[in-house]
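What follows are several structures.
In what comes next, subunit A is part of two complexes: it sits with subunit B in the first one and with subunit C in the second one.
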Partner chain A sequence: MSGSMYDLSVATYSQEGRIYQVEYATKAVENSETVIGVKCKDGVILAGEKQKFSRLLEDNTNKRIYNIDTQTGMAICGKLPDGRNILQRAKAESSQYQDMYAIPASANVLSDRVAQYVHAYTMYSGARPFGSATFIASYNTFDGYELFMIEPSGNKYAYHACTHGKGRAVCKSEFERRSFKDLTCQEALVYIAKMLILAHEEFKEKKYEYEMTWITDNNGRKHQSVPQDLINNAVQQAEQLIEQDQMGE
Partner chain B sequence: MLKHLYDTDCVTWSPQGKLFQVEYAMEAVKQGSICLGLKSNENVVLCSLKRQPSELAGYQEKQFKIDDHMAIAIAGLTADARVLCKYMRTECLEYKYTYESHHPVGRLVFKVAEKSQHKTQSGAKRPYGVGLLVAGIDPNGVHLFETCPSGNYYEYKCQAIGSRSQAARTYFESWFHLFEKSTLEQLILHGLSAIKKAIMEDEELNEKNVEVGILGKNLKFTHLNAQELRDYITKLEQFSPNSQIQQE
Partner chain C sequence: MIFNSEFSGQQQHTTQPIVTGGSVIALAYKGGVVVGADTLCSYGSMADFKNVEKIAQVSKNTIYVSSGEFSDFQQVVRELAKIDRSALQYDDGVHPSPRDYGNYLARLSYKRRCKINPLYLQNVIAGFHNGERYLGLVDIYGTYLESNFVTTGFASYFCKAIISNYWNENCTLDQAKQVIRECFKVLFCRDCRAHDVIQLAYVDEQGTHIEQPERVETKWDFSGFKNRANEKLHTQ
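Entry: the complex of A and B
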């Protein structure tokens, strides 16, 4: 696919009204590791897979899910440096809002501001769109649990469940099949691990790490990492589930 | 594919979702001479091979102290490295002044990565053409990070970057399980063995072209002096990782 001469600058529309540079930036996200966000009965979970591309890498470092404040988390899918730029902006917006209004920003407001920031980089030829999609999960007393995804185009939507990256097709079909709204976060961990494992089906031989965070009724409604032993259990059970499915076929 | 259309600046995505200018900047790191780092529970060691522009010139230094608890080894454009080095030193000083303690290593690496990322998102700028290995010790433990021109950073148990670094990485993959409990001396010998794998056939390690920096929980960053380097290079003949396994 080439846009001939209409795809060299983000400030150029093609004849069909497309902006190819934004689509190419989205390509960068689509080719990267899968990230999932899911709202469950009692909370929100963010999860991502990380390929250990070298045996020399330190375990459980090189994070892609960060805190914006105690009750809001952000997961980055796509180019991590670009995502961290967006993260710094989100932290600044959140901090500024709290200074002004003395309450934490709701996810709706925060992701709106982040989306405007991301969108601004799609309008000028001297800059380029971000090559990352960001997921914002939060809890506050007025709005409850919320989950948003912001794409490189600046589009943002609220979701029950969302995903981006290489394995998004696999994850989306799993979302349709299973009603996460009826599961607690603890119960959902297995299915999330299952989705992440299936997402890299072609690269089974490589080593992967799984990063999961949650905000639930049970952990004080704060954005925190899921304890490592729970992640390990979920991965083990998920692998068994996948084996059963495959034997059943 | 018409690569030349998409690879002239940092603000053009290719149809495959790549930024070619950033990838080209990473090539600059691969052109630099090798530097590597490895850590144990107590120490971090940085080893580099220094290049000499000509017979009459001195050897280019590749390791710089950032603070008592932190140092970097560089591969790539030295001038760009100097900018990052100055930035890191300033940040450490300011942190010390404000908080009366050492700058946490991971946070400083994050700042460097952020700075590097900004240079990849403007039509008027170019990425830094240098990769850093950041060795540091803080209350969180012993750290070794690698930063890239792309703004990515990774934490490693041991890593080698620069020209012919794959040979050193292969050495590491075979032996890194020994490093955690290694003594400082063993760590230095492992580092020098790895560098030895990466030199050309007609080259030799000597106290002039090798640089070794060491850092420990109770040891501020220091370079080994010429005599110490000579001693270690001599010890290298007798050293084999197998002997370390037999001891344990």
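Entry: the complex of A and C
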């Protein structure tokens, strides 16, 4: 996939009609830690793995999933600093929308604004595209639970389940195998933990933290962190499930 | 009060309030703070909007009311909501205290005063934080005062004596509420732009409680009114 002369600037098309810089930005996301978003029977869950790349790191630092509003959350996959720039914009858009229209922005509107912002950085040679994909999960009374993913190209799609990062192939196959639409969020936690653990199979010696947030019927439909004890339980059970699978083989 | 906007050049600024809210009275009691405001918005001397619930909850443990231009009040509520939203977005466990809101409003009011384009309001911020009661008054100039009792508008003239005589800072919630009701009774009789339906709200350790509007007891069945003794005198 050598770009030769057509990959020097994001403002240049290749002869086949590709924009290499945007594809390289997507590659940056694909090489980073996995993030999952999934809609369950009674809510939406956002989850990400965080590798503790150094023993000197404090726990629970380097947050990946943030609040945009009481009922909207955003997860960052890819380069965290780039993602935080997008997040800042999303927060500002959401706040300004609420100021103007007195209701929170629906996920559709918010992700549209974010997608336009991300897309703008793919059109000018003076700036580089964002090296991160962002997931927006939200709930409102008109549209119910919604999940969107915005890619570095500015593409945004609504999903039942989406994933990006190193372990996306593993996660995608797990999504196809299991119907999350029939699981409650509580039940789904185990399988999400399982996906995240499988996603980093090769680098098993490293320590990982798992960041999970959800918006469910049971927690007042607010975007909140999943309680740490539930995450720990889910991880434990997931590890057992993986062992069972391996012994079965 | 009319503000001279000569020095501001081309731009015209609002110089007089159009739709106004009435007095606000807030008292601290043992365990919290209680605020009372009437439910009237006057259009000049016309009692135009009679069911206005003015007590705004800006955060879990802070409430805000003001007297003066009602559209400015609504705008301030929007501005204060931005603070709360911003805290939610940072999500770092730090929540603005009532004093933060009071200070912010004082800065906002002072800035507008300096531009000769004031927020035409006398504001009361009331709350309960970390075991401490909070009552703040911010006036149209941006003056910021914290106190155990706070009054705005006509209540500052008529009600301070009543408050001095019947209230102390360690009274019970019901005693404080009764004092506020007494004050609004007097205001209804003497302030032309007052209304007899008021709303009370209190903030304590458990949080904010905004009550339903209630009508203040007033007495109009004086024999002079009923028998129209005066009228008879003049027509004889």
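Methods note: the second predicted complex is superposed on the first by the 249 of 249 C-alpha atoms of A that agree within 3 Å, B and C clash if a C-alpha of one lies under 4 Å from a C-alpha of the other, contacts with A are read in each partner's own complex, and residues count from 1 in each chain.
In the analysis below, a residue touches a chain if its C-beta (ideal position, glycine included) is under 8 Å from a C-beta of that chain, and two chains touch if they have at least 3 such contacts.
Bear in mind the structure is a predicted one, so any value in this text is a computation, not a measurement.
S.K.: Looking at A:I68 after the superposition, I want to know if it touches subunit B, subunit C, both of them or none. Which is it: first, second, both, neither?
M.R.: In the superposed model, A:I68 contacts subunit C only, not subunit B.
S.K.: Any idea whether subunit B or subunit C touches more of subunit A?
M.R.: After superposing on chain A, more of subunit A is contacted by B.
S.K.: So in the superposed three-chain picture, is A:K172 touching just subunit B, just subunit C, both, or none of them (first/second/both/neither)?
M.R.: neither
S.K.: Looking at the overlay, does A:V10 come into contact with subunit B only (first), subunit C only (second), both, or neither?
M.R.: Touch status of A:V10: first partner only.
S.K.: For A:S125 in the superposed arrangement: first (subunit B), second (subunit C), both or neither?
M.R.: In the superposed model, A:S125 contacts subunit B only, not subunit C.
S.K.: By the touch definition at the top of the document, which applies to A:R89: first (subunit B), second (subunit C), both, or neither?
M.R.: neither
S.K.: For A:R18, using the defined touch cut-off, is the partner it touches subunit B, subunit C, both, or neither? Pick first, second, both or neither.
M.R.: A:R18 sits against neither subunit B nor subunit C.
S.K.: In the superposed arrangement, which partner chain does A:R55 touch: subunit B (first), subunit C (second), both, or neither?
M.R.: First partner only.
S.K.: Kindly classify A:Q98 by the partners it touches after superposition: subunit B alone (first), subunit C alone (second), both, or neither?
M.R.: second
S.K.: Please write out, lowest number first, the residues of subunit A touched by both subunit B and subunit C across the two complexes.
M.R.: none
S.K.: Show which residues of subunit A lie in contact with subunit B when the two form their complex.
M.R.: That would be residues 1-3, 7-10, 20-21, 24-31, 54-58, 61-62, 79-82, 84-85, 88, 121, 125-131 of subunit A.
S.K.: Can you list the residues on subunit B that touch subunit A in the complex?
M.R.: It is residues 2, 5-6, 10-19, 110, 113-114, 116-118, 120-124, 144, 150-159, 169, 172-173, 176 of subunit B that touch subunit A.
S.K.: Over in the complex, which subunit A residues touch subunit C? Could you list them?
M.R.: Interface residues on subunit A, with respect to subunit C: 66-70, 91, 95, 98-99.
S.K.: In their shared complex, at which residues does subunit C touch subunit A?
M.R.: 78, 81-82, 85-86, 88-89, 91
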